[in-house]
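Both complexes shown next keep chain A, but they swap its partner, so chain B is in the first and chain C is in the second.
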Partner chain A sequence: MNELESLSWSEDQIDALTEIMNMGIGVAASSLSEMVGEEVILNIPKIRLVSRHDISQELSTQCPEGMSYVFQDFSGTVHGRSALLFPIQKSFNLVKALLGNIEIDDELTEMEQEALSEVGNVILNACIATLVNNLALEIEVEIPQYVRGGAVSVLLEGDTQLDHSQTNLFCAVNFSTRESGIEGYVMFLLELPSVKTLKNSLEEYLENIMSL
Partner chain B sequence: MENMLTVLVVDDSKLAQLMLRKAITSFAPGYNIIMAKDGEEAFDLYQKNTPDIAMIDYNMPGINGIELIQKLRTIDKEMPIALCTANIQTTIQNKAKNLNVAFIAKPVTNETVAQFLEKNRKTVLEH
Partner chain C sequence: MTLGVKQTQKLVSWTNIIDAVIDKSEFGGIVLNGAQRVLIWNQKMASYSGICREMALGRRMVSLFDDNLPARFINSIDQALNLGMSSVLSYKFHGQTLRLTNSDGGPLLFTIYIKPLSLPNSVRYCLIEIHNMTNVEARERRLKKITEERKESETRLRLLTDNLPAVIHQVSVSEDGKKEVTFLNKGVEQLLAEEYGILCKDPDFLKRYILPDDRQKFDDVLADVMDNTLERDIIVRVNLNQNSLKWIHVFLRGRKNDRGSVIIDGLYLDITFVKIGEEELRRLATTDSLTGIFNRRHLLEIAERDFAAAHRYETPLSVLLIDIDHFKYVNDQFGHDIGDTVLKKFSILTQDILRQCDIFGRLGGEEFVIVLPQTPSSGAFFVAEKVRKLIENADWAITDLKVTISIGLAQSLPSDHDISDVLKRADLAVYKAKDAGRNQTFIYSD
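And then the complex of A and B:
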């Protein structure tokens, strides 16, 4: 059984959310592909319920050398965090693809951090816009922030009031390119109260489609 | 004769299947629509039903839409096919073009589906 079914999500609602995320990431990948000049290979979005703590552990295992990431919080009808994450070395590859084949020290310059923030801005907003437009949500998006650190901080940075053991809806898509060796994840986290709101929006969305 | 056309829809999302079904039915209520959730099932259904037209998603479990189309093209070079995907990257669109396949960006609308079906209906009926 899908974990969301334990919150009375129907198979159709899970399917619809996956498809909407798929549409968002498709638009985002197109933008990224134009920026780096090659095809971006996408996986199918995975949606599940998990605590921030558990996601952090998983990411730490996958990327023990740490990650760089750009995150954007959003609030309104639903509240959560979107993030674009890269294993550190892969973020260097992205910067090189964006800015030309430059030498990169261990630390990214301000210009390089700006480049990553802008990519995050484009990609995360494409996903959020698709979600907002399809589900008639009202969401305010904060400015993107670049952070380099371990995976745990990815999920807690700037948000210390939240209980990181709390269950979240977690949606992740990983993407890669063949030539420039870019690899990363797009991730969305929604707090549990927002998950309920999202479920209601999906219900209305599906009803509208059925009645067309 | 027109009512006899069979359209193969391949998408792992039930929502996407539903939207395509509605768009096709809105264009031609009599069309026979067969659904597959992945490339493997689609290939089986193709061999059993020999559909006239196919509308195929790109990002699916198992083989992707382009790989499925390449497989189908080895046995059917003429069938009108549309790649229906939210993955609107130019490289994907070019791959579709090279396989003589139409490209429909998701979310599909009744209009985009109708345009594709209208354009290809005559070709199918002439064969």
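And then the complex of A and C:
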């Protein structure tokens, strides 16, 4: 049994994390709606806690051609990497859905990539902000970067400042938009000390709620 | 704490440098303090917004931009200062609400980064970078246009070439000798009766079809074209599946590209019809139209060549001059059609018993010549008699028709100048044969 599993997350903790992500995705949806001037609906996310290795395998099998992703690194009381991932083709669909009927061939222009970065930024920031707000974390988040069609393993193991020897928490939020049927993943990659911090913060958060 | 004069000077000069640096930076730069008031407003920012530094310093963004600041912009500043979060705002989403202008007065295509600046004394500022993407956008649009145009012209080229009755073939040979097909049109299917998908995988497909006799010649030309990057052409014969033969005129050009590879441009034209036409013309020029054997001109030409060879090597050469007996009577009695049939059948029967090296042709009318190289008169007499008896005993399938021939035989002599000397003697011998009652062979003698 590795250390991640030995941390034994309670159902309450998972519920609390789901609730926070839920709020985040809700904020993201309304921000996106405001940006594009029409309603954007993001479905209620499902949360899983998995090891980096497992999700790397899973996504490689699911999307052998690689995925497009927007990622933002963060550091502070917890540090790690947050990312929004889509199967390559779906990332065009998202840009199309949000920007209207623009002509997109198999390459996104830099401007379109920036637009996609912003979409990722809105969703990721909303999730991070609710986490930070509710769990009283102190972090600083870098600007988002967009990578098209990269191997997922690069995102998960590439140039992160994370210690590879330790098991990392991977928290995957599976969300989708209702109309265009775009599915994506939000994930957080944290190394073990950060996972412990996050878990402690969740415990405090739960105690606060109970004591109300 | 009060600063000494020196320290103050130091600080002032640092501030000046920082101001200069941020003015020189490639983006519109703004720094806000914790209370969201402008601390730094660089020159680019002034030019993008039309708000000068003096006006901007100490003001809040909302008051500077009235109500035109997107909610996400305000929110992002908030998140940067309070939560330490970075944001990116793209023109695609916010160009309509946040109107900034370019140096040429047109709308500024921007990407905005809003970042927290955390300082050691736990004070947090907010840095806003407004990057000008106008050139990037223009470059990409240009690139996109070029790509589209190229695609279109490729499609056009394809359409043209695929319907062309010729093969255009381009092969690139890298420095390590690796060959790759870089272009091949569909016309190749028609030329070689093979699927395009199979042919386009093999850079050397043509060689597989070339007849073994022509392969060496083709290899030499190809090597020359590749080594010396020049243009050459060659006609080769190819063998197709159904054992049908085609003539192909191959034009090859070798040239070097920037990366050191040799590019071979090939144009293959099917010239089978031309070749067949040429063959037909040659046949028409050399054969007698009625009998299909050599005509007078060609007969004499070849006979002359053989005579010269015999003369030089001092080998015997004999000539048989054949005249069909009473041919005028055949024509008059049985009609010209039957006369023609006799000439044709005589030719076929005679041709069949001759050797490959013997020359057989029609001199005109009912006169024929057989030239027998390497044959003395004794041997020639044997051949003459064989022909004579064959004709005498032939079944002409026409009642009462009997055909015989008279043959005059002459052998070349060292004193002869050309073939006509021999023919003259053979002619005299024919007269003798006729005088002696026809249907016989006469050897010329003085």
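Miscellaneous remarks
What we mean here is this: the second predicted complex is superposed on the first by the 165 of 212 C-alpha atoms of A that agree within 3 Å, B and C clash if a C-alpha of one lies under 4 Å from a C-alpha of the other, contacts with A are read in each partner's own complex, and residues count from 1 in each chain.
Keep this in mind: a residue touches a chain if its C-beta (ideal position, glycine included) is under 8 Å from a C-beta of that chain, and two chains touch if they have at least 3 such contacts.
Because the structure is predicted, anything quoted here is derived from the model rather than measured.
Of the two partner chains placed around the shared chain by superposition, chain C is the only one that A:143 touches, whereas chain B remains out of contact. In the superposition on chain A, A:26 contacts chain B only, with no contact to chain C.
Contact with both chain B and chain C is seen for A:34 once the two complexes are overlaid on the shared chain. When the two structures are aligned on the shared chain, A:114 is found in touch with chain C, with no touch to chain B.
Judged by the touch definition given at the top, the superposed model places A:59 against neither chain B nor chain C. When the shared chain is aligned, no partner comes close enough to touch A:186: not chain B, not chain C.
On chain A, the surface patch touched by chain B in one complex and by chain C in the other comprises residues 34. Residue ranges on chain A touching chain B, taken from their complex, read 11-12, 15-16, 18-19, 22-27, 29-30, 33-34, 38-40, 42, 44, 134, 206, 209-210, 212. Within the complex, the chain C residues that touch chain A are 70-72, 75, 79, 83-94, 109, 111, 113, 115-116, 118, 133, 136-137, 140-141, 144. Across the complex, chain B meets chain A through its residues 12-16, 18-19, 22, 59-61, 85-92, 106-107. Of all the residues in chain A, the ones that touch chain C in their complex are 31, 34-36, 72, 76, 98-99, 109-112, 114-115, 117-118, 121-122, 125, 128-129, 132-133, 138-144.
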